[in-house]
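Labels A, B and C are assigned to the chains in the order they are written; within every chain, residues are numbered from 1.
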Amino acid sequence: MSDRITRDEVIHVARLARLELAPDEVDAFTEQLARVLEHAADVESLEVDDVAPTSHPLPLANVYRADEVTPSIDRDEVLAQAPFAEDHMFRVPPVLGEEP
Amino acid sequence: MTAIELSAAVRSGERRAVDILDEHLARIEERDGEIHAFNLVTADLARSQAEAVDSAVAEGRDPGPLAGVPVAVKDNTCTRGIPTTCSSRILDGWLPPYNATVVDRLAAAGAVTIGKTNLDEFAMGSSTENSAFGPTRNPHDTSKVPGGSSGGSAAAVAAEFAPLAIGSDTGGSIRQPAALCGVVGAKPTYGVVSRYGLIAFASSLDQIGPFATTVADAAVLLESIGGHDPRDSTSIEAPAPSLLDVLERGVDGLRVGVLTELAGGPGGVEGISPDVIARTAQAVAALEAAGAEVSEVSVPSATLGLTAYYLIAPAEASSNLSRYDGVRYGLRVDASTTGEMNTASRSAGFGDEVKRRIMLGTYALSAGYYDAFYGKALKVRTLILRDFAVAYEKVDVLVTPTSPTTAFGFGDKTADPMSMYVNDVCTIPSNLSGHPAISVPFGVGDDGLPIGVQILGPAQSEPIIFSVAAVLEDVASKGGAR
Amino acid sequence: MTWSIEPTLPEGWELVVGLEVHVELATATKLFCGCANRFGSEPNTNICPVCLGLPGSLPVINGTAVKYAMLLGRALQCEVRPSVMARKNYFYPDMPKDYQTTQYDQPTNSDGELMLADGFTVGVERAHIEEDTGKSTHVGGGGRINDAVHSLVDYNRAGVPLVEIVSHPCLDTIEHAKAYVSGLRDILLAIGVSDARMEEGSMRVDANVSVRPVGSEELRTRCELKNINSIRSMGRAIEYEALRQIDLYSNGESPRQETRHWDEAAGRSTPGRSKEDADDYRYFQEPDLVPLVPSAAEVAAIDDAMPALPSARRSALRQLVPAVSVSVEVIATLVDRGQDELAIAAIGKGADPEKVVTRLQHDLAVDDFSKITAGAFADLIRMETSGELTATQAKQVLSEMVETGGEPRPIAESRGFEAMPTDDLAGLVDQLIADHPEEWSRFVGGDDGDRKKMQGFFTGQIMSSTKGQADGRAVADLLAQRSAG
């Protein structure tokens, strides 16, 4: 087992990502992610303080849409795709916790 | 027949689109049970489109440059009312209420959408083994993978199920399977083809592109689907590149660089097999013989591309794939709270590789690790852009292998994710830089399986890299690649 | 504007409040798609692949929303800088993509301020662009989120453009917090970028509240108050929270950092259920959108188009009227009603400032005064000041001017208004006193209440017998004279 990422971190990350892992999956992911992160050491150790990050390959800016209404889509078509719909709305189990 | 020949025959009235469709459907019927290029064959849709093309011709209207040409579409591209799965259980039963821009453009060009092709789940993979619906087989050797993630599209073209196919390329997902299946595949400059309706894997890297059996066919397909789309903010505000006009201009006087670090050179990436290196060298020699000025060019940061990619792509993916939560569409595994329902649905709906990348990306973005991983990777992206800019002061195009090896066997690389990831080492830099690249078949390896050579160029250099690829295609067709 | 007596905190404590105000922009369409930005539609009728976050859809930002945000930024004296959109990642069923497209480390507007009527300056840290979420209805359990049997989600609001205005934690009193929110609302209405209705949720306030010993500079643990739906309710919520925290400290305990929900009916807040996940939103730059880079010329054009803001209008009027007789509140009221322009113009034409303000404040409170020209209004005030018209007559003329937009002199003439000569009036007053000895003795000998009441009685009688032609002030003077004599 590598020290690049711990089991607890894997469990924490899985919770953030809303994934449930069985104990053996936690082991496997810990091992596999550690190996990927091992490879990431070449990037992690780079001295690049003076380099600006690039989030996007194109130097585009200011792409705007005109504030004009375009037709919405038929809600029945959309709601037909929903696992559960009721009263023209999407039905979900109780929501616990607060909206951030 | 090539797509260009088929289209000409349909437009002249010499052949009917429905007959062409039937021939292709017959081949699919005969062999796709074994190959599994398609998740879905859209025969009814295709027939109505083919009939419309035939009517147009009969009425003296021009159906467009792809008149009556069957096109296979990767199943991560939205098709209205037709299942679009990303080869994932999480999109079980989903019927998109809209078409991707490329799907509309294909129809406008007279193409016939013949089916939706298999892929690694959410385009995450290099072998199409990660499909929830089973792998695709390489038509050249069905014991081998077709590459991925657009393995279904590559195999469909290689098996002559369709003369053309649409793929998407985030780290090599068009070019690598094109190389392994012995067809032409191109990743255009980021922003040349609209991403609207392409189900996102990694938004800043994804680009739709063509598969074809010839460079000219790939060119006509790209001309048909490219060009500005106001629904994609990252779309370049320019028409599709004109490619066919310039395809024959050759390489006389063109400056061609061999990208040292990705072509088996010293200090470069390891693991590129000798036969692939040899073919690449042969391709470079062929270009020199055709009049190009050849030199070796270093792009030092190219070796960091793989790592940067495997931080950036999962980071974006972890966010892009959050929406699969069981609320609005797709798979839902119910539970007593919404949070538990989200978790149950996602855990049941995603395969292991997708989970792995979501986990990796979530980790790379999370508090305390952002600067060390994601932040650093974005800086590597800057370095790669800088190094390419320097290289393109010296040369017009760069040449590398497309894939480090020829097609490999099922299960050979599934145990260790890293061994699979290195398949993308030569293709990834173009995604990080946003530059175009094309893979063209050039001979075979020691195992008799196809090898692809990759031509890279700066942003919007499609006319140049396609014409270089056309020269190599010509050389190979005359037996010059062996 | 609401003005209330400041509740006092226990001796030795002071309040530290920072406000996060979310404002829905009044654009025709949503932030990233062409769906209508409309309140009150049938559920899920203003939706499309983009605002539903369907796989494959992509956002394209609404240029008008960006312009409105910059206009608001400049109205708050912010720096408008090149900015980028970012993703804030967390799961919530109201949020179709399970991330919110917002701004993080590069917001459009930063480092602004808002000066309140009393001169107190509230620092604005940032005013950034983001998208709104959908809305859930919680079914069962009396509609309370934590007791619901299930919830129903409507995405009409998902993707509506918002600006979140974040103040520094610098508000030191409830009155300042209220005045700040009122001031923001005034600005929003003045520049026309939002209808700023707290009751419809187009303006929403979250309050970060902490307390500290007077004189200390520390920032103690704060609680975030949510579900505040009026300015008044905000005042109550902050007061409750401050007292709760002081209580804890006084008992040797400390508040926990938490989100608390204000229950207006119960007059108290309750802690929100703590989140399962720690706050790790994994912000990163939104790769589907490109940077917003306004040119200097664009920012200059926004400044040029900026209408006069309430604070500037208040001080313009303030300078023309005597501070002793006209309060800050009255000035603010006139500006809120949009009467400052008429007042300033009439004063400019020589009308008595105090009289101008009085007439506007009391006699044009609800009327549509758009037909009244500054010249006619100034004439009316001059006629009243010179004694040509009594106060009562002036009011009657004014109400006809509201209807017809006419000049005051012809209106007064047509009604036969001439102020009654004081001698005639004295006779009437003396007669009235003689006729009502009981009332008169109460006026002369009663307490203040009696005197006031009887003054009203006598004045009313005179007004009624003269059909309003008597000058009320002259009547009062005569009554005072007679009682003294």
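Side notes on the structure shown:
As a convention for this text, contacts are C-beta pairs under 8 Å (C-beta built on N, C-alpha and C of every residue); 3 or more make two chains touch, one makes a residue touch a chain.
Computed from a predicted structure; not experimentally measured.
Put simply, the chain closest to the centre of the protein, by Cα centroids, is A.
Between the interfaces B-C and A-C, more contacting C-beta pairs are found at A-C.
In this assembly, the C-alpha centroid of chain A lies 23 Å from the C-alpha centroid of chain B. Chain geometry summary: the mean Cα position of chain B and that of chain C are 57 Å apart.
Taking each chain's centre as the average of its CA atoms, chain A and chain C sit 40 Å apart.
Residues of chain C in contact with two or more other chains: 49, 52, 60-61, 91, 93, 151, 153, 276, 280, 282, 284, 287, 289-290.
Each of the following residues of chain B touches two or more other chains: 94, 97-98, 204, 230, 233-234, 318, 322, 325, 327-329, 338-339, 342, 362, 366.
Counting partners per residue, chain A has 16, 18, 55-56, 58, 60, 63, 65, 73, 78, 90, 92-97 as the residues that reach two or more other chains.
Residues of chain A that touch chain B in their complex: 5, 9-10, 13-14, 16-21, 29, 32-33, 35-37, 39-40, 42-44, 46, 48, 51-58, 60, 63, 65, 73-74, 77-78, 81-84, 90, 92-97. By the touch criterion given at the top, residues 93-95, 97-98, 190-191, 204, 230, 233-234, 236, 304, 306-308, 310-311, 318, 322, 325-332, 334-344, 346-347, 350, 355-356, 358-360, 362-363, 366, 372-373, 375-383, 385, 416-418, 421, 432-435, 459 of chain B touch chain A in their complex. Of all residues in chain A, only 15-16, 18, 55-56, 58, 60-73, 75, 78-79, 86-100 touch chain C in the complex they form.
The touching residues of chain B, counted against chain C in their complex, run 76-78, 84, 86, 91, 94, 96-98, 100, 195-200, 202-204, 230-234, 315-316, 318-319, 322-325, 327-329, 338-339, 342, 362, 365-367, 370, 374. Residues 49, 52-61, 87, 89, 91, 93, 96-99, 151, 153, 276, 280, 282-284, 287-290 of chain C are the ones touching chain B in the complex.
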